[in-house]
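Since the structure comes first, as structure tokens, the remarks are kept for the end.
Chains here go by letter, A, B, C and D, matching the order in which they are written, and residues are numbered from 1 within each.
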Amino acid sequence: MIIHISNNATEAQIEELIGAIQSLGLRVHTSVGDVRTVLGLIGDLSQVDVNTLKKYQIVDGVYRISAPYKKANRQFHEKDSIIDVDGVKIGGSNFMMCAGPCSVENEEDTVELAKLLKEAGANTLRGGAFKPRTSPYSFQGLGIEGLRILNIAKEETGLPIVSELMGTEHIDIFVDMVDCIQVGARNMQNYDLLKALGQTNKPILLKRGMSATYEEWLMSAEYIMAGGNNNVIFCERGIRTFETATRNTLDIQAVPVIQKESHLPIVVDPSHAAGVRYLIPSMAKAAVMSGANGMQIEVHQNPEKAWSDGQQCLTPAEFKELMITINMLLEIEGKTIIQK
Amino acid sequence: MIIHISNNATEAQIEELIGAIQSLGLRVHTSVGDVRTVLGLIGDLSQVDVNTLKKYQIVDGVYRISAPYKKANRQFHEKDSIIDVDGVKIGGSNFMMCAGPCSVENEEDTVELAKLLKEAGANTLRGGAFKPRTSPYSFQGLGIEGLRILNIAKEETGLPIVSELMGTEHIDIFVDMVDCIQVGARNMQNYDLLKALGQTNKPILLKRGMSATYEEWLMSAEYIMAGGNNNVIFCERGIRTFETATRNTLDIQAVPVIQKESHLPIVVDPSHAAGVRYLIPSMAKAAVMSGANGMQIEVHQNPEKAWSDGQQCLTPAEFKELMITINMLLEIEGKTIIQK
Amino acid sequence: MIIHISNNATEAQIEELIGAIQSLGLRVHTSVGDVRTVLGLIGDLSQVDVNTLKKYQIVDGVYRISAPYKKANRQFHEKDSIIDVDGVKIGGSNFMMCAGPCSVENEEDTVELAKLLKEAGANTLRGGAFKPRTSPYSFQGLGIEGLRILNIAKEETGLPIVSELMGTEHIDIFVDMVDCIQVGARNMQNYDLLKALGQTNKPILLKRGMSATYEEWLMSAEYIMAGGNNNVIFCERGIRTFETATRNTLDIQAVPVIQKESHLPIVVDPSHAAGVRYLIPSMAKAAVMSGANGMQIEVHQNPEKAWSDGQQCLTPAEFKELMITINMLLEIEGKTIIQK
Amino acid sequence: MIIHISNNATEAQIEELIGAIQSLGLRVHTSVGDVRTVLGLIGDLSQVDVNTLKKYQIVDGVYRISAPYKKANRQFHEKDSIIDVDGVKIGGSNFMMCAGPCSVENEEDTVELAKLLKEAGANTLRGGAFKPRTSPYSFQGLGIEGLRILNIAKEETGLPIVSELMGTEHIDIFVDMVDCIQVGARNMQNYDLLKALGQTNKPILLKRGMSATYEEWLMSAEYIMAGGNNNVIFCERGIRTFETATRNTLDIQAVPVIQKESHLPIVVDPSHAAGVRYLIPSMAKAAVMSGANGMQIEVHQNPEKAWSDGQQCLTPAEFKELMITINMLLEIEGKTIIQK
């Protein structure tokens, strides 16, 4: 970390600042230029808040050089992390092909769909039971009944379950009934939830907040890992920009950036990014070639009858067709989808 | 709500769609143009999700004409709502002047500061006890001890307390110990929390999410109100944009827009928007003239020693000086700060 | 176009508005709901400005249903346009592989590089002669001398030249010396320039403005086409978002959206989007699978010596290696790079 | 400027980089930490491009400490610049109250409006003659005839004229016929235009680009000043964000930030920021209290008949009423509107 001192700082003020920094257990390297004094901070800086330093009047700027995340940081963990989702490996060359309905609606359709998805090549099953909806008047999900149905589908197909948890209240039920707990975009900085998940050892699918920077996203993973749970999978699902013709803007560059910064896997959700059906196949293919470690796609037997987000669902037939190209691309990429 | 039908839709498909809409309890007005068929939906549309209609293949576009919020909507409640924060009225011409430290640090300083703030003209006291921090390694707040200290400051000054709740776990304690519960920007769409707050009758200070649209913000208020709690105060605290020289971009237009759309009060937090001390006074004055119903400002006796966000705190002397101009502006605006 | 009338509009006001609309040569279909009156406009709406209607006090909202662009619109031109860049076809299944230095620096290096690029598979040569730089103190390009050098490289390799024009002043020289005139992101809405280019019959590579919506981008193409020049190629080069870890955010969804809306080709520039070398290969591959009609990549023999943008250049060896995978992907996509 | 060297850089690589920096006429201060080597650059850095340094493989980060603008920088020119617009002083405590129609439509209305505006307190007259329109099919302005009409209005009222120039082609006419040349948001980085304006000595009203950072905006002023013309006035007119309920988001924080960074005046255009009439008065008042050096407002006798942007025009009566409060606020701010 580098601190740029204001021109009109007195020596006494600089001394005081240096003392304050040293009291944080850091060493300070002072460099006096023609017009500027610059302080270099040496030591474990991951726990130092930039704002702790900005509050001093004589500080003109603070530049963080080392990343504020430690456990998620590839610098301290060179090899790709492989996350085990109830027997399905995710990360490195192991591709996560996760598909399923936006919301679980009923047992019959869910089981039938899970079979079709497995057959087409999926290795994990997504399904919403608790749904974050913009309106309090919209369908809020089947709740625990939804999780029960997903478990029946799992019994029939072996596909591990990915489902979204919305608050700490249901955490025990999710640990029991779900194989990979999804944290939604709106809860990416719900720190109470992240801390609670850090106390479990379940794989966590951490969606990117709608306007979260890479660093904030990595810090949210760090929250979970700081509690002792290292099983975090990032999921890029589009960010909010000025463009409104699509639901969100898929930030495909997130894939190689996160993979450079972190050893954790990152998957892409083209359904929520695009928000409209016709964009999904091309974006799914682009995601594979961006180097993603997996994908999450919404599929529904009859999108026009879906209880939520039908406008962005593929049909099982469309999914199956898409899988043909995806498998060709995965071969080029040297990745494989391994089913349990 | 207006639905724009694709050119190549068949009559049968249109019939089916109309049937589906009617089954939601709505009536449909069909208008056939030269090239386009347009459906107008009539009835209670606040509970109809736009995506429910977009999922049909023959639907090219859906245009919402009436707002999706009802209880927060000024259309159904013309007069300004006045919120009672333990005896201090907020809304209409009653201005909320809320000040205090970012984090509560100790009893002595907090009580002293509260006295200075009251003397300078504040009518409510803010103070963080549970702190949402980007890093798990940063100071997370004093917790319940912080709330205890705020209550001592209240005993000494009479200033009602505003403090942030981060999860449903502590809701009972907050109902007991806090006069106005703040929902932070990162939790604006934490729907489990909003629903739980809807079950209380405490005033809620609902901060705008970093990238929340006005409509989403209004819908979050609607979540609280749908549960029966109408005591919601909006707080604009800056949005995330491409500009990084300031912490956030203060969206001052939010004030008149929200006041047009809703009967609920809206206050402005220039401290979090600017993120840097020198911007606060001018932005606070601008906020008054934007028509805001109040303001929340961070003040600390010694910003350079503050445990969090010192870089954006005013000193008590700066606050006192600012209040002189603010009082002149409030007179022009016909508003008053009434202390309990 | 649909107009939503305010509740408290009088019949006389509505009559007046209808008269005004009819005087634009349009017909009006009136639909009276329970609480709302809605007007549907019928006729050629591409020339009607939404704001022309919003200015009426009784207008609550205006919803455009048909696109405001006509010549760029796929609706009126179903087949993919094929643009001829001095003998190299671009569009449909004809892929544009355009590579070259950010800035032209000298004859020897430029000619050598052009040969390497052609050998590796490029079919067009990019090179900056007039450079838009944020600072007036930065290198501004070699100017006409740069164009002369590009022409020598073309003589040696046959590669048609793509280069950026910054103002109307040099338009005649560019028509003479360049095969495809690039309009930079900062000039996407320089309407005087667009109009002047509409008077030529040169292919135009129209980069997307840093914060331009798809519709604005299409309208800029429309400006060129309205003048009679239909040879427009779109180029997605990243948009400005809140994320600052990358130079821009590559909006890969732009590819299928523009291809749906327009018959014109769209290519991707991963170099300017990423702004950093290590992201280019994965983004280039993702671009192919997004369905793009081509690509523009910066290559330099010695990026560390480049006069501009060296941080985002590939070396010729890296480019050559990348081309191996790209050719495999193009085969999957059914596209080909045809060299002259 | 500070350069952060990669951990795995060899001494030889570092030596080479230092040599390259020294060849730019700079000195280098090397500081070796536990894990990191950091270089501090000393000398005139305003002409050094950050990317020139980022292109080296061993460079992990470059942090600019001194601003890249010189002539616009308050550091080298402490006192507020006062710009003379044909006798009307702008800057410091001299407030620019600029009003007028979006587009000039005819002589009679323009002259009548100018008289009303002067009477109400305006000291400069705005009016569009060349109009940048998103659609080639929209009204493009009266052109030179518009400038002629503005000059008649000036003869009658003495109000200096502010009007937008769209390209270099008409620069001589503007120098002749206009007192303050406006550069529109879309042309803020039209560098050919900025350079040409630098060769004149006319006051330039430089609007902020829709997604321009403060630094980019200051650099555009630097382009004009580098040519020798120091008469630049900044105009904040709203930026593009994710919020679509308003035309743009007025970034009111720009006012104190620009005033801290630069000695040049900054004015606010609430009309284009809001894009809707009812927001203008509150935003205009907020702008005054933000410390702005002036304002530009669109006024039209009959907004419903305006040829462009009628939806965001005040009537002369509304403007007159607004001026009453604005004058009260200017007194508080210690500023005055001086008419010629």
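The criterion applied here is as follows: a contact is a pair of C-beta atoms (placed from the backbone, for glycine too) under 8 Å apart; a residue touches a chain by one contact, two chains touch by 3 or more.
This is a predicted model, so every value here is computed, not measured.
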Could you let me know which interface, B-D or B-C, is made of more C-beta pairs in contact?
-> B-D
Which chain's C-alpha centroid is most distant from that of subunit A?
-> D
Express in whole angstrom the distance between the two chain centres, defined as the mean CA positions of subunit C and subunit D.
-> 27
Would you mind pulling out the distance in Å between where the CA atoms of subunit B average out and where those of subunit C do?
-> 39
Where subunit B and subunit D are represented by their mean Cα positions, the distance between them in whole Å | 32
Multi-chain contacts in subunit A: which residues touch at least two other chains?
-> 211, 240-242, 244
Residues on subunit B engaged by subunit A in the complex (per definition of touch) = 46-47, 49, 51-52, 54-57, 68, 132-139, 166-169, 186-187, 189-193, 195, 210-211, 216, 219, 222-223, 226-227, 240, 276, 303-304, 306, 308-311, 313
What part of subunit B is in contact with subunit C in the complex they form?
-> 2, 4, 29, 31, 33-34, 36, 38, 40, 42-43, 60-61, 63, 65-66, 211, 240-242, 244
Inside the complex, what are the residues of subunit D that reach subunit B?
-> 211, 213-215, 239, 241-246, 249-253, 255-257, 260, 273-274, 278-279, 282-283, 285-291, 325, 328-329, 332
